[in-house]
Amino acid sequence: MYKRIDGRKPTEMRQVKIRTDYLKYAEGSVLIEAGNTRIICAVSLEDKVPPFLRGSGKGWITAEYALLPRSTHTRTARDAAKGRLSGRSQEIQRLIGRSLRAVVDLKALGERSLIVDCDVIQADGGTRTLAITGAYVAVHDTLARLVKSGALPKLPVKDFVAATSVGIVKGEMLLDLCYAEDSVADVDFNFVMTGKGKFVEVQGTGEGGFFTKSQMDAMVALARKGIADLVSLQSKTLKRE
Amino acid sequence: MYKRIDGRKPTEMRQVKIRTDYLKYAEGSVLIEAGNTRIICAVSLEDKVPPFLRGSGKGWITAEYALLPRSTHTRTARDAAKGRLSGRSQEIQRLIGRSLRAVVDLKALGERSLIVDCDVIQADGGTRTLAITGAYVAVHDTLARLVKSGALPKLPVKDFVAATSVGIVKGEMLLDLCYAEDSVADVDFNFVMTGKGKFVEVQGTGEGGFFTKSQMDAMVALARKGIADLVSLQSKTLKRE
Amino acid sequence: MYKRIDGRKPTEMRQVKIRTDYLKYAEGSVLIEAGNTRIICAVSLEDKVPPFLRGSGKGWITAEYALLPRSTHTRTARDAAKGRLSGRSQEIQRLIGRSLRAVVDLKALGERSLIVDCDVIQADGGTRTLAITGAYVAVHDTLARLVKSGALPKLPVKDFVAATSVGIVKGEMLLDLCYAEDSVADVDFNFVMTGKGKFVEVQGTGEGGFFTKSQMDAMVALARKGIADLVSLQSKTLKRE
Amino acid sequence: MYKRIDGRKPTEMRQVKIRTDYLKYAEGSVLIEAGNTRIICAVSLEDKVPPFLRGSGKGWITAEYALLPRSTHTRTARDAAKGRLSGRSQEIQRLIGRSLRAVVDLKALGERSLIVDCDVIQADGGTRTLAITGAYVAVHDTLARLVKSGALPKLPVKDFVAATSVGIVKGEMLLDLCYAEDSVADVDFNFVMTGKGKFVEVQGTGEGGFFTKSQMDAMVALARKGIADLVSLQSKTLKRE
Amino acid sequence: MYKRIDGRKPTEMRQVKIRTDYLKYAEGSVLIEAGNTRIICAVSLEDKVPPFLRGSGKGWITAEYALLPRSTHTRTARDAAKGRLSGRSQEIQRLIGRSLRAVVDLKALGERSLIVDCDVIQADGGTRTLAITGAYVAVHDTLARLVKSGALPKLPVKDFVAATSVGIVKGEMLLDLCYAEDSVADVDFNFVMTGKGKFVEVQGTGEGGFFTKSQMDAMVALARKGIADLVSLQSKTLKRE
Amino acid sequence: MYKRIDGRKPTEMRQVKIRTDYLKYAEGSVLIEAGNTRIICAVSLEDKVPPFLRGSGKGWITAEYALLPRSTHTRTARDAAKGRLSGRSQEIQRLIGRSLRAVVDLKALGERSLIVDCDVIQADGGTRTLAITGAYVAVHDTLARLVKSGALPKLPVKDFVAATSVGIVKGEMLLDLCYAEDSVADVDFNFVMTGKGKFVEVQGTGEGGFFTKSQMDAMVALARKGIADLVSLQSKTLKRE
């Protein structure tokens, strides 16, 4: 059997920890960790929406994603130093935003915006999926406060949302890739799913390899199991509060 | 049955036309059209590779994607006027690059780069998938010329690659969405596949809707049929030359 | 006698073709070709004007000019990739804008703007002058539609406008330079004239050479003849519609 | 007596905590906290120097400083989103760099660079001075590793360096201002001093007020006491390792 | 005794000349010279304030600072060519702005802004302090005109403000450093003081050296003398008008 | 007869003054004035050429042009603040560069570059033509020093070059337009000519008007007279040195 670098079984996720209210000033925030990957997700609430939604009565959720320069093995230059956001950062923050919007009732939110900043403190693979999983909790906390304060009559949340990766490394199918695995994977999938087990996003790419329908089916099954565990953790975290 | 705006059956693709050698100066170029969507794909060959590949003996393929301002219903401002590439453009050009690299033997290409410019003259949905389908032919032509000139001993192409979209609109599954369909789709998938029917990329998103595994399976089947037709057209086009 | 690379006589223009309504969504558009030079001119109509004209009752016409990367012999990097518009592009688009504004009655246009995108598909010399010649037809078509729809009582067009180049290459005066000629010309003039034979713009430069008044006079005469032919083509094109 | 918002005496600093080796991949890193202010200082070691030092045999230390968007009471837009570094960020990172270079023997360091990233997780005043205090420890750790690995014969460190602020609020002189104090201070000083009590930097500004020489003397005395405590903590932290 | 490059005594300033109304269109302007350093300070008056002051009834003063490319020994590239303002320029213009705001009664100014452009024609050290000294006169002139025109009932100026530098070069304390001295100074201070001898800003840095409290005291005394002379010159200049 | 705002006759130029060696550090520099227009032209000499000339044995001359913010009636924002060079600035600096290159023997100059900074201190019309006239003297001085120092065997200058404007205002033909005239001109020409009376550049534009060949001829004659005077002043200035 394939030997994973951190001793996990192929179908085993890294241990995930979520610490809520990590920041004092944000309307909602978590520190989420999976193995060596660590991300701060912070929600800012604004009483206005982007121009295309003004007067629509609907709210909006958007995300920003960045790596701290020394979150990575060798230093990654800041996007600010280069004067432009990298393509990778933009792609990831668009994905996070779509995933969160999928499970929030934007009509019920009203003309408010949530900006979710996902700052990666340490990056050991799976940052985009872990950011989604953590951001969901921070968003939920923010919305719960709006209910508590009377600004909203009830929680405008339709379902949980969480995400994980599955890949094929040297012929073996692995759940929740760490960086060492991700960088040599032949196939790499990210799945975003709801608490009820429906899909929000599926992104699969053959990095120097192709994949078949039956491989895809197997990866779906593996992701489903992992995401169910993440949703269960989210649920426990929210109840604990 | 669902009535498509252009009279097609749900499982019917738009007619695709490929005109090769569309530009006089490019090393390979096509004008590809599907319904009202029209894209120029132009390949530039350079005898050097990006820094991370220097001395590796391997080649590289990269893509750039842009909309002409008036390719769209209302004018889209140029990225140059804004001083930065939009997130959408970056996401698409990264996808095109990965798809092409998947079917070219970069080792056999040697330390050369192909830059594939995909400029959308008119956009009526499906620009990213049509760009991949057309770019493949332009890349093939460029490489065939390298063989013809003796620069390469044989064609470093492993398989065909083509792409299409499938979506769910008002509960109906539709192949090859035009813009009017795409903008109201609940679920939207892009599939990139090889001539042998393997997957290179799968990107599915629930835009304001979720999707199930069985829906995904049905969309895969529909895309497979469409891509087979595209590969057949690519093959005929290349033989005709 | 000097032998031109494409067999033309010194005083002979390249054949010009204009295809109207080239784009489906633009309010007016043409594909104009002269020899190997090919440009798409697309007009966008907006019901507002720049800040300095608000409340003035006057309209405005502005242009943007860009080369597709592979319109040129070797690839030209996109301005967007460099994050700024090149000096050459800005100079040309300012010229196109001035030339069009000169023949349109901006007062009669009312507080509306036309943005004219001139995208060069293939560049073999003379792109700025051909862009003006083609843009005039696209602007005319846009304005004619405003009349047809009843938005304007009559066509706010004062005259035709067209442009061509004249240069001195190895002592020979040549009309309508192609790229191979332009790149070795000692003197290079662009003339923009109206249908009635008046001047709108004259730009002459001694690229590594000087020129005399009598040479200038001869170039003016040559340009006049060429522009008369272009105006005649514009007129025929507009009647044909 | 003036009542400070967090109950401190005027001459009392906030409690400072330093956690070393906070990041797995950085060559040296700390999490430093003073009250609600929290900063990650991460050192990256490079075997090259900026162009102006090449061939000089001397090393270099530079710093980058950034606020996480939600480190502040209301969200601060990222410099990357604006495409340029703010004046305040540049001013602070130049100060941090100078302070660290003052106590490191750059000749003995050899042609190596240290890049010190100071990322503010939470900002409650005093971020620039706390960043210097924390960065010193992270730099010391990095250099100690170079000694341990044999790359350097001995530690190229000349002295400790630490920093704090003193201000005048409603006539009262306060040590180590928190944000609520800083934002209403009439006079605001930052002092950077060595372990031996010499000055590296003094920056004082009358924000809507002036100050006299005798006030400046009193502020110097207060800062000296605070910095001595910080150096003592740095020393204990480094011994503990 | 230390021999200064231009023959001055250690405690001697360079001769300063101020020419008022140097520019025809600015609301207030001076050409100020100290030795070879020459700066144009030009004030623009606007009847609006930045967003954060709108409706506050208060005015604002801001500064911009730039070097002409050939003000320096070797050419300094323009910030515009690099597309961003250098950190040094930003730091200086923030200092100039703070210094001027300190002596103007912004409440009495009302909702007006002064923009003070300090353009260095020739730079031989001390540009930031000379800019403050000159800008004060240009601001005073602008405000005096507002009084003369009846727009303001009385001059909203609380005191003079002027600035100079003191440094330690090879152990000698020098007043008003020229470039040759500044570039080798171990310690470098800039002092901004009012006509009544109070401090507005103190910025001292040990460039490759530390400094003691008693050295700082001596530098303060030296600066005080120099600034008194500058204020006297400002006073004479304003009376002369 | 048309009454000019400054009392000049239609065919009369403003008085031009040239002060050489205006800057201490530039290799050549002048302050040139025509009426209220004042420009500093400063030449920087570099012992290298742009990439496209390396190894060619040929030199290069390039120009940069900028307005000081308060050179104009109302403040003009700096290009640096906007992060990009304006189209107008680029157009002008390209014109200045071409004009100077036309009269310098770049082959004889060898692989050296001259960068000519033209900074407008005060702008009252005609800045681009006055910049050319002044820059010629500064370039000549720089080259004369290269001859004097033995770096060049003889002056690589082929002829004088100077420039002026001619326009049609309310039907009257005027030489050397000031701003008030330029802003209402129907036709506006800039001429760049050599000492021998040949043309280097001709740029004419009908700003809201057209012009005929006979008007153009009259404008040429008027410019010729003005430029002869400018060349005579240049000649006297250079002899005086």
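Details
By written order: A, B, C, D, E and F. Residues from 1 in each chain.
What we mean here is this: a residue touches a chain if its C-beta (ideal position, glycine included) is under 8 Å from a C-beta of that chain, and two chains touch if they have at least 3 such contacts.
Quantities reported herein were computed from a predicted structural model and do not represent experimental measurements.
Within the contact network of the assembly, the step distance from chain B to chain D comes to 2. The greatest centre-to-centre gap from chain E, using C-alpha centroids, is found for B.
Chain centres here are C-alpha means, and the one lying farthest from chain C is D. Centre-to-centre spacing of chain B and chain E amounts to 59 Å, using the average Cα coordinate of each chain.
The mean-CA centres of chain A and chain D are about 33 angstrom from one another, to the nearest whole unit. Across the assembly, chain A contributes 83-85 as residues in contact with two or more other chains. The sequence of chains round the contact ring, opened at chain A and continued through chain D, runs A, D, E, F, C, B.
By the touch criterion given at the top, residues 84-85, 87, 90-91, 93-94, 98, 101-102, 189, 194, 196, 198-208, 210-213, 216, 220 of chain C touch chain F in their complex.
Those residues of chain F whose C-beta lies close enough to touch chain E in the complex are 23-26, 29, 36, 40, 42-44, 46, 64, 66, 68-75, 78-81, 83-85, 115, 117, 119, 121-122, 124.
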